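Before anything else, here is the set of structures, which you'll find just below.
Two complexes are shown next, each including subunit A; its partner changes from subunit B in the first to subunit C in the second.
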Partner chain A sequence: MRQSIPAFAARRLLAILPVLAGAVVFVFVVMRLLPADPAAFLVTGPQGGPEQIAALRARLGLDRSIPEQLARYVRDVLSGDLGRSLTTGEPVLADLLQRLPASLELTIAAFAVALAAGIALGTAAAFRPGSAVDHACRFIATAGNSLPGFVVGLCLIYVFYVRLGWSPEPVGRLDGLMVPPPAVTGFLLADSLLAGDGAAFRSALGHLVLPAATMALFALAPLARITRAALIEVLASDYVRTARALQLPTRLVVVHYALHNAAVPIVTTLGLIFSYMLGANVLVEKVFAWPGIGSYALEAVLSADYAPIQGYVLLVALSFAAVNLLVDILYGLLDPRARIRP
Partner chain B sequence: MTLAEVSGLGVSFGRIRAVDDVSFTVAAGEMLGLVGASGSGKSVTALALMGLVKPDRGTITGQGRRAIVFQNARRALNPTRTIGRQLADVLGSPVRVGDMLRRVGLSPDRADAYPFELSGGMCQRVMIALALATDPALLIADEPTTGLDTTVQATILDLIADLARERGMGTILITHDLALAAQRCDRIALLEGGRLVRIVLPGDLPPRPVASPQAAAPGSTLLRVDGLAKHYGKLRAVDGVDLVVREGEALGLVGESGCGKSTLAAMLARLIDPTAGRIEFAGEDIAAVPARRAAAAAWRGRLQMVVQDAGDSLDPRLTAAEAVAAPLRRLCRLSGAALHARVAELFDRVHLPRALHDRLPYQLSGGQQARVGIARALAPGPGFVILDEPTAALDAALQDAIMRLLDDLRRDLGVAYLLISHDLDVIRQLCGRVMVMQAGRIVEAGPVAEVFARPAHPHTAGLIAAIPQGRALRP
Partner chain C sequence: MTRPLGIAALLAIGLLILLALIGPAIVPHDPLATRVASGLQPPSAVHWFGTDQLGRDIFSRVVVATRLDLAIAASAVCLSLVTGAAIGAACGYFGGVLDRWAGRVVDMLMAFPLFVVAMALVVALGNSVANIVYATAIINLPFYIRFARAEVAVRRDAGYVQAARLGGAGPWRIVFGTLLPNLAPSLAVQMSLNLGWAILNAAGLSFIGLGVRPPAAEWGVLTAEGAPFLISGQWWVAVFPGLALMGAVFAFNLAGDALRDLLDPRRRTT
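Now for the complex of A and B:
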C-alpha cells in the first residue's frame, strides 16, 4: 500500500526517537571512558592537591558510578537542563543557543550556495558531456573532494585577505570595533537589515563570504557529481525516450521526466552532505575564529569539559535527525515507491 | 494510402552498420511484421521511423503521424508520475484521460496509479493509450509483449489489432517470433544483420513440424513432495502441492506469473522454508534442514538450480571459468589440475568455447551467459536440477538452442529436471509429463501429449489457446 504523506512523515518522526536516545547514551559513556579528568584540569593552583581534586569530583558528582551519573544526566536533559560549562561558567543550553545562530547562518549560506551552484553545474555538465562545462565540473569536484576544508580556508584567506585585500580580517562575524545590531533573530544579516544598519550588513556579509565559500566548495563537489551522474542516467532512460517519441514539449520533458527522477538520488545525497558539513563546521569555525557551536565544542574537548560536549553532540544529533526527516519526506514526495508499506 | 515508405534506409553507430539498405512500405489498415533475431536492426529501423535516430542513407516518407509502443512498458513509463498525468501530458489536458483509459480496457479510476502499482500488461495498455493519444495514422509496436505472460500477450495483441481496425490505422509489429508474426500480420519483412532478406506472406511459411513427444523411461522415485505449502500471512503462495520426480525424468510445471511456481521451486531448492509439508530427496527428508543451513548439507551438490536471468545471477567480477569453478571448490573440494580439467570438461559439455574461460559476464552474449549458468549448476554432478524459466530472457533462436542443449544433457548425464515456465510450448519441447499450477495449487497433471490433446481443466485450455499457432516455426 502507498501511504499518504502525513502518515509517512509521522512514521519517520517516530523512528528518530531511538536515534536521539542512542546518541545521548553513547556520547555520555564514551566521554566517561576517556582518560581525562575535568577536576584535574580545574584544580591547577599551587595549593591544589589530591584532596582538592577529590572534593571537586564529589561536587561535580564524578565520584558516583557511571550508571548513576547517566541516570542523573538523562533526568536533567529531559527537564531541559544540559548542565553547566566549567570553562564559561554558563549553562550549556544558554551557551549553545547564543552561538547557534552564528553556526546556522554560516551553514545555511554555504548550503544554499553549494545547492544552487552544484545542481546548476551538474545539470550543465550532464546536458553536454565532454564539453568545457563538463571538464570544469570534474575539476571542481576533484578539487573539492581532495582538499581538506581548512586548507581551502587558509588558501582563500591568503589570496583574498593577505594578497588582494578584498575581504575583511578573517576573525569573527563583524569588524572588531563595530557595534552589533540589536539581536532579534541572531542572524547578523537579518538583524542588521531589520535595524536598517547598512554598514553592519556589509561587514557581516564580508565576513561571511570566505568561510561560507570554504564550506560550500566542500559540499559542492559531491553534489555536482551526483547531479551529473543521475541526470545522464535518467536522460538515457526508456521513459525519457518515450517522452521524446511522444513529442512532448522540451521543458516538460526536462523538468517532469528528467529532473524529477534525477532529484531522487540528489535529495538522498543532500542528507549525507549536511552531515559532512556539520563535521567540517568545527574546523572552518576554528580557522575563521567564528563564534559558533563548532569552535565552542572544540574548546570544550580541549579542556575535557563534559557538559558542553554532550550538549553539542545532542544538538548535532537533533539537527542531523531533523535534516534526515526532511530528506525522507522530500524523498516520499518525489518518489511514490518510497512510501510503500510491505 | 501509403503511411510510410522506407527506401534504402541505412543507420550507423560509429563503425557498426545497424541498418543497411532496408526498403518497405506500409499502407493504411495493414499490419506489417518486422521479424528478425536480436541485432537484426528491427528496433533501429523503428527508431529511425520515429525520428529518434538519424539515418545516414535513404529516405523515409509518408503521410500522417506516427507513434510507437516500446517493449518493457513499465520501464518506458515515467516511474514518478501518475499514468493519468502522463496521458494528460500528451493530450494537453486531463479532460479525455478517462476516455483514453477506457479505450485500452482500463478503468478510468486507475488514472491516479503510478506505473509500479500496475501489472506489466496494464502498463503496456497505458503505453498504447499514450501512443493513441497522439492520434497516429501509423502505430509501431516494438516487441510489445516481451516479458508478458502468454495469455496477457494474446490480449495485448488483440487490443492493438482491434484499435487498428477501428481507426483504419496502419501497424508495424516488430518481433523475434516468426510464428506470432505469421498469425497476426498481412505481410512479413524478414531482417538479418541489418539487411532486409525478403518480404513474405504468412501463407508462404512452411507448416509446423510435428512435435516429438518422448517416451519417459520409468526410473525409480528421486523426489517425492507431500502437502508442501508456503503461506505469507493470509496469502497462500503455495497451497498443498504433491508431486513425484523419477530419476532421469523431465517434469514440466506451467502456470501464469504469480501462481506460486517460483515459490515452489525455491522451496524444493531449499532456499526458503516451507510452512508445511515434506520434501523427500533420494530417501532423505530435506525439508527438515532449515534453509539457512541447507548450503552445508551433504545433498547440496546433488540438487541444483538454474535461475531465470543468467546475466543477473553471475557475479560480475568472476570470469566464466571462476563461476563454474566456485561450486566445485566448495562442494567437491577440487583444486589445482583436477579443478581445471573438470571446468574444461563442463565448458565442452555446454558447448562453450574454451577461449571464453577468462571472459567476465558482461563480455558474454545472453546465450553464452545461460550456458555458463547451466555449467555451474551441473558442476557438482547433480541428479536433479530445477530449471526456473531458463530461457525467458533469450530470443527465439537462442531459446531453441538452449532447450536442445538441456535435452541432450539430460539424456547423456541421466539428470532429472523440473522445468518451470509460463510457456507451454517450452515445456512441450523438453518434458514428458506436465503439471499445471494455478493460485498455489496443481490443477492438472499428466503426460504432455495427453494434456495438450484433451485439457481437463479450463485454465489449461486457456494456456494452450494462448500459444500462437505454428510457434514451432523459428526464423
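Now for the complex of A and C:
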C-alpha cells in the first residue's frame, strides 16, 4: 500500500522521537560523568570555602540523586529551560537562539555552494569517464576527504586576506565599526537587504565567502563522488539507452531521465553531509571568529560550563534529526517505492 | 591511475612510520629548546620550516609530532576495530535482544554529528590524551559494529560455517575462529580509511584546545599555535604542521582506496 506524503512524513516524524529521547538521556549521562565539579571550578576566589561550594551545588541541583537530576532535567528541557550559562549569565536557550542564525547562514551558504559545485562536477565527470574532468573530480573527491577544515581556512585567510587583501579581516560577520542592520530574520544578508543597506550587505557577503568556501570544499567531495557514481549507473541503464535511441532531446534525457533517477542516492547522502558540516562548524567558526553556536559551545567546553554544552548538543541533535526527516520526505517524493508499506 | 598512487601512498605511510619511530633521534634541533632572540624566522637553510615565536625549530617539532599523532590514531582505531568487530559479529550471529539493543545504541550515537560527540566525550571524561583516544575510538565504533554485523549476518549459514557447526565447533569458536578471519581483508580496508579520519579527528580536537596541550608537539596544536601569526604574515608557523597533517591523512585515504581495489573487486572505485 502506498502512503500519501503527509502520512509518510508523520510516520517518519514518529520514528525520530525515540532517537531524540535517547539523545536527551545520552547528553545527560555523558555530562554527569564529568569528573570536574563545576561548582568547585567556579568558586575559586578567596571567599570560595566549602560552604560556598555546597551552596552552589545545591543551587545547581548537583546534590540530588542522579535519577532525580535526570527527571528534573527532562522536565526542564520539555519546558524550554536549558539552564543558564555560567559565563554569559544568560539563559542558554536565549544565547543559542541569538547565535543560531549566524551558524545557519554559514551552513546554508556552504551547503548551497557545495551542492551546486558537487553536482556539476560529478555530472561533468560522469559524462566523460576517464577525461581530465573525471580525473580532477576523483582528485578533488579524495583530497576533500583528507583536508582538515581548519588548515584550509587558515590557508584561505593567508592567501585572500594577508597576501591579496581581497577579503575583509576574518573576524565576525561584519566590519568592526559597522552598525548591523535591524535584526528581522537574524540572517545578515537578508536583514541588510530588507533595510536597503548596500554597504552592510557587501560587508556581510565579504565576511561569509571564506568560511563558507572552507566548509563547502569538504562537503563537496562526497557529493561529487556520489553524483558521479549514481549518474554513471543511470546512464548505462536501459531506459536512458531507449530514450537516446528515440532521439529525445539531450537536455530531456539528462535532466528528466538521468538526473531525476540519480537524485535518489544523492539525496540520501545529504543528511550525512549535513552532519559532517555541523561538526566542522565548530572548527570553522573558531578559525574565522564566527559568532555562531559552534564557537559558543567551544567557549563553554573550555570553561567547563555544563548547561551550554548540553544545550548545544541537544540543538545539534534536533537539527540533525530535522534534516534527516527532510531528507526522508524528499526521498519519498523522489522515489514512490520508498512509501510502500511492507 | 590507482596503482602508482597507491604505491606512493604506501611509501608515504612507510616514511611516516619511520619518522614516528626514529624521528626524535634524527631531528636537527631540540624541538623544545627556546631561543627567543631567533624567534619567528622564515624558512632558511638552518631552520627548514622556520622558527616559532619562541625560536623553536618548526621542522623538528613537525617531525617529532608524527609519533604522537600516529600513536593516538592507531590506538583509537585498533580499540574500535577490536571492540566493534567483536560486538558486531556477536550481534550478527546471535541476533535477538543483544542485536536490538546494540542497534539502538548505535542509532543513537549516529544521531549526533560525530565530531560533536567526540568533543562532549573529551569534556566529560577529562581533558587528556588518553581520553582523545577513547573518544575517537567510540565515535568510530558504529561503523565497525554495523559492518561486522552485516557481513556476519550474511555468512551465518554459509557452507563453511555449517561445516564448522557439524564438526562440533561452538558458537564462539565459529564467530571468532571462522567468521571474523573471513572479514579480515574488508576490515583492513576499513581500518586504513579510518586511520586518516582518526588523525583528522584527533588533530581537530587538539586544535580547539582539547586533549594534547602545548608545549607537546602535535600537528593540530602546532597549527593552532601558529594561527595568530598568520595574520601578521608569518605563515610558516601554522602552514607546515597543517601540510604535514594533510599529507598524512591523504596518504592513509589513498592507501585505503588502493587496498580496497586490490582486496575487494566488487567495490572498485572506477
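Just so we're on the same page, the second predicted complex is superposed on the first by the 337 of 342 C-alpha atoms of A that agree within 3 Å, B and C clash if a C-alpha of one lies under 4 Å from a C-alpha of the other, contacts with A are read in each partner's own complex, and residues count from 1 in each chain.
Everything that follows uses one rule, which is that contacts are C-beta pairs under 8 Å (C-beta built on N, C-alpha and C of every residue); 3 or more make two chains touch, one makes a residue touch a chain.
What you are looking at is a predicted structure, and each value in this text was computed from that prediction instead of being measured.
Novice: Contacts for A:Gly198 in the overlay, against subunit B (first) and subunit C (second): which applies, first, second, both or neither?
Specialist: In the superposition, A:Gly198 contacts neither subunit B nor subunit C.
Novice: Between subunit B (first) and subunit C (second), which does A:Ser275 come into contact with in this model arrangement: first, second, both, or neither?
Specialist: second
Novice: Where does A:Asp335 make contact in the superposed view: on subunit B (first), on subunit C (second), on both, or on neither?
Specialist: Touch partner of A:Asp335: subunit B, not subunit C.
Novice: Which holds for A:Asp238: it touches subunit B only (first), subunit C only (second), both, or neither?
Specialist: first
Novice: Answer with first, second, both or neither: which of subunit B and subunit C does A:Pro182 touch in the superposed model?
Specialist: neither
Novice: Look at the residues of subunit A and decide whether subunit B or subunit C touches more of them.
Specialist: Between subunit B and subunit C, the winner on subunit A residue contacts is C.
Novice: Help me check something: in the complex, which residues belonging to subunit B touch subunit A?
Specialist: Residues 50, 52, 67-68, 70, 72, 75-81, 89-90, 114, 116-117, 127, 130-131, 133-134 of subunit B touch subunit A in their complex.
Novice: State the interface residues of subunit A toward subunit B in the complex, per the touch definition above.
Specialist: Residues of subunit A touching subunit B: 2, 237-239, 241-248, 252, 256-257, 260-261, 264, 334-337.
Novice: Within their complex, state which residues of subunit A touch subunit C.
Specialist: Subunit A residues touching subunit C: 19-20, 22-23, 26-27, 30-31, 33-36, 135, 138, 142-143, 145-151, 154-155, 157-158, 161-162, 170, 275-276, 278-280, 282-283, 286-287, 297-298, 301-302, 304, 309, 312-313, 316-317, 320-321.
Novice: Help me check something: in the complex, which residues belonging to subunit C touch subunit A?
Specialist: 1, 104, 107-109, 111-116, 119-121, 123-126, 196, 200, 203-204, 207-210, 220, 223-224, 227, 230-231, 233, 235, 238-239, 242-243, 245-246, 249-250, 253-254, 257, 269
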